[in-house]
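Going in written order, the chains are labelled A, B and C, and every chain counts its residues from 1.
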Amino acid sequence: MTVTDSGDSGAGAKRPSRLFKNLAGKIAAIPMMFTAVVVFIGCTLWTIYHSFTKSRLLPAPEKWVGLDNYERLWSENRWLISIENLAIYGICSLILSLTIGFVLAALLDRKIRFENTIRTIILYPFALSFVVTGLVWQWILNPALGLQNVVRNWGWDSFTFDPINNAEIVIYGILIAGIWQGSGFVMVLLLAGMRGIDEDVWKASRVEGIPAWKTYLFIVIPMMRPVFVTALVIISAGIIKVYDLVVAQTSGGPGIASEVPAKYVIEKMFLSQNLGLGFAASTMMLLSVLVVLIPWAYLEFGGKKNG
Amino acid sequence: MANSVEIRNLDLSFGSVEVLKDLNLDIAEGEFLVLLGSSGCGKSTLLNCIAGLLEVTDGQIFIKGKNVTWAEPSERGIGMVFQSYALYPQMTVKGNLSFGLKNAKVPKAEIEERVARAAEILQIEPLLNRKPGALSGGQRQRVAIGRALVRDVNVFLFDEPLSNLDAKLRVDLRVELKRLHNQLNNTMIYVTHDQVEAMTLADRIAVMKSGKIMQLGSPDEIYNKPKNLYVADFIGSPSMNFLEGQLEGGTFKKGGVVLPMTGYQYVNPLQVTDRPVTIGIRPEHVVTGELAAKAPVQSEVTVDLVEPMGSDTLVWSTFEGNSFRFRMDGQAPVTNGDTIKIGIDPAKGSLFDTSSEDRL
Amino acid sequence: MADASVNAMTGPSGPKPKRVFSSTNIIIYGTLLVVCLYYLLPLYIMIVTSLKGMPEIRLGNIFSPPVEITTEPWVKAWSEACTGVNCDGLSRGFWNSVAILVPSVVLSIAIASVNGYALANWKFKGSEVFFTILIFGAFIPYQVMIYPIVILLRESGDGITSFIRLFNSDAPNFRLMGSVWGLVIVHTIFGMPILTLLFRNYFTSVPEELFKAARVDGAGFWGIYFQIMLPMSLPIFVVAMILQVTGIWNDFLFGVIYTKPETYPMTVQLNNIVNSVQGVKEYNVNMAATLLTGLVPLIIYFASGKLFVRGIAAGAVKG
């Protein structure tokens, strides 16, 4: 035995300080820490705080007005229309994109030929900007020269489909464009989830003579629950952000019939110089995201810790 | 002889989970030490602590008399070989071998020289310009060993290096490793869960369980004189037969079985008193046929199941209400239901105190 | 036994004949054909409209192919179309977008890949907490953070200006707000959650032993990153690039908020051209302009194939 109790005599054995341990890793993570703390948390709290102040052209942190901004917000017709539009657009787009996405995924999952080509075609709108999508559909739905005109020329003279100029249905015109752009993405998500299911499930259901549609409905869909939940959260977060599509396709018109909250916020902040109202409206947007996000996070992460 | 690696009161915990507890181990210069145990016993953790890849919670590690407890892995004078080879996929074999030397700013000429020497020892010269992807499993493992070799270090650490290879290759490389050790005479610390590897390679084996060393000894000691029930059960395949009974006046008794322990070497002959004991008998120490008649204890058992393995046959039977296995010649004509005469030499068995599980 | 052999002579043998036109197949392929037509229709309409002259558009059918192909709308969209008083076409927006795109993509990927690498291999106390905040932050509507970021950019621009003036009192104002660099920072920040997740998951999947081997070989944080990790993760860098190029090119909101009219990206300029209220609507020029704007992401999409799918699925399907 040569050395036994010469504790820290060895060379190269300086105990590194706790703070400087893994220093490079900590330095490298500075942008991430900055983004997480300063931007995501800091800026959010800043906005929430200022939504309770009488900020007009400039933020006025000293003029505390309590819930005034919120009261004004909820009494403003334009905001109410925005919320209604978001609700209609959101519910329809969730249902439609999940249904269409699932049916398409199931069809592509049937070991068909040209799968790659078909997937490429269905997904390409997703690569485009919302501005491009909005403008194309604005043109297709042009009442004088677009789809309506074509159908009338075919001999159906009374055919009317004019969402761009009809305040009652304008949000559905935007919905068509939104679905066109987004359903391919949902399909890809669900297809990936479907492919992740054990092949043996299909073998078992074939041996037991269960028809394909029943297998999808009663076995595959329940097994895909996590993927559906993920898709739901991502689509919902996207819906609340809808902005460019509306700006490009209808500019919120006719009148204010197709306003949405995201557009409302931007206009209050940068055009009509009513920051307080803009902050209040954006806080409401955040709240609606939390309504989706918190139960999801609870299911996803809260459950795991217990299990 | 000087110790190459010394581990003093080593503790390691992840949060509240204690993985290593107050562990002490001295490894002599040039020794081949195998850390053996089932998964989760802490053997790989111990190796990673020696390598400096895990920070210890308490205790000290010395390599060549130098306290390296807080030193970086590259400063410890070790080379390490991993189970998954861990070759850098985008570098050639030569690049893999020289990467560590370049980091240590070794002069170019010397790098060339050391790489050439390692390549020669391991016979991988023709592969030097290939990428790992173009190598077979055995060749990759050789390169991985070479990477430790070029570092010119005193201590080699092996983390289950043969586990990813197929059975035949594993045997070949095992022999080569032993040859390498004879040639280089470095200290080698080798982690495995395979007891055949442990028995064939080791100068000494440390059998580990839940972060503690259960027994440290030569393969012969471990096999023939297991220090406790755990080691006895763990070593040997098929594992030992155990009978629980009473020690009465130097004789093991259980129901109708009486095994006189004459000739048995007690650990501490003066402290042997009557008590509940467990006797362990290795399946290969049970004799049959003509030899049975010459054995000190004889009995008859009925065959429950036969597992022919070619070179020999494993027979499952019931002896005094316990499942009892023994080996027979591979050519022996046995079938289920046969009655066979067996002979046992209790002195070759192992006696354990049933309550403390320690060897008597 | 005899029965079996008789059956063997007459019964089914060899591969089961497949019916190509089974009713299931007709339904599946029929549906898919209709679906594909629906998805392709807008692209087709964009192309045919952009190749027609205005008289033909006014008289004809939106679906009909051009009788007389003209490239004039394309030329006009690129170099003559007006936004307000400016009449130099989309080309300015295109070059603005390129000027925004290149530094944004490089910076965001550089930072996120190092972040992901630190999170996967060099965890420190609290690193997972920051990462969790980052991921949840991705769901916060941009509208909540937009205004404070305006202030941050303005203030740090002023801060940098006064710092520079310490050394050179005549230095011009340095602006982040309204400049390309401000927008680059914003894109880097908002691209960080998804990219960090992408890289972290990828680097976590690299065997840990490789990392350990490199440490035994004496490589440090940057040595392992540049010499070991970077060379073996080129595919994931390509995925990240596709994700960022399409995402940043398609951005509209940040472009509107954080740049000035002279530096507007292509999407903003496109919207201003098409939705401008002045003058007669030239649908063919509008569609040419729209198509031009969509061209960059479309080319990337069709060229990258499966990598694009991998990119968009990366954050969603947990690894």
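The rule is simple: a residue touches a chain if its C-beta (ideal position, glycine included) is under 8 Å from a C-beta of that chain, and two chains touch if they have at least 3 such contacts.
This structure is a prediction, so every number in the text was calculated from the model and none was measured.
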| item | value |
| --- | --- |
| Identity of the chain that, by mean CA position, is farthest from subunit C | B |
| Chain pair with more C-beta contacts, A-C versus B-C | A-C |
| Distance from the mean Cα position of subunit C to that of subunit B, given in whole angstrom | 55 |
| Averaged-CA centre spacing for the pair subunit C and subunit A, given as whole angstrom | 15 |
| Touching two or more other chains - residue numbers and ranges from subunit B | 72 |
| Residues of subunit B that touch subunit C when the two form their complex | 48, 51-53, 72-74, 78-80, 82-90, 99-100, 103-104, 147, 159 |
| Of subunit C, residues touching subunit A in the complex | 28-29, 31-32, 35-36, 38-43, 45-46, 49, 57-58, 61-63, 111, 114-115, 117-119, 122-124, 127, 130-131, 133-134, 136-149, 151-152, 188-189, 192, 196, 220-222, 246, 249-253, 256-257, 267-268, 270-271, 274-275, 283, 286-287, 290, 293-294, 297-298, 300-302, 305, 308-309, 312-313, 316-318 |
| Subunit C-touching residues of subunit A, taken from the complex the two chains share | 21-22, 24-26, 28-29, 31-33, 35-44, 46-48, 59, 104, 107-108, 110, 112, 116, 118-133, 135-140, 142, 145-147, 149-150, 153, 180, 184-185, 188-189, 192-193, 196, 226-227, 230-231, 233-234, 237, 240-241, 243-244, 247-248, 251, 261-262, 265-266, 269-270, 275, 278-279, 281-283, 285-286, 289, 293, 297 |
| Of subunit C, residues touching subunit B in the complex | 207, 209-210, 212-219, 223, 227-228, 231-232 |
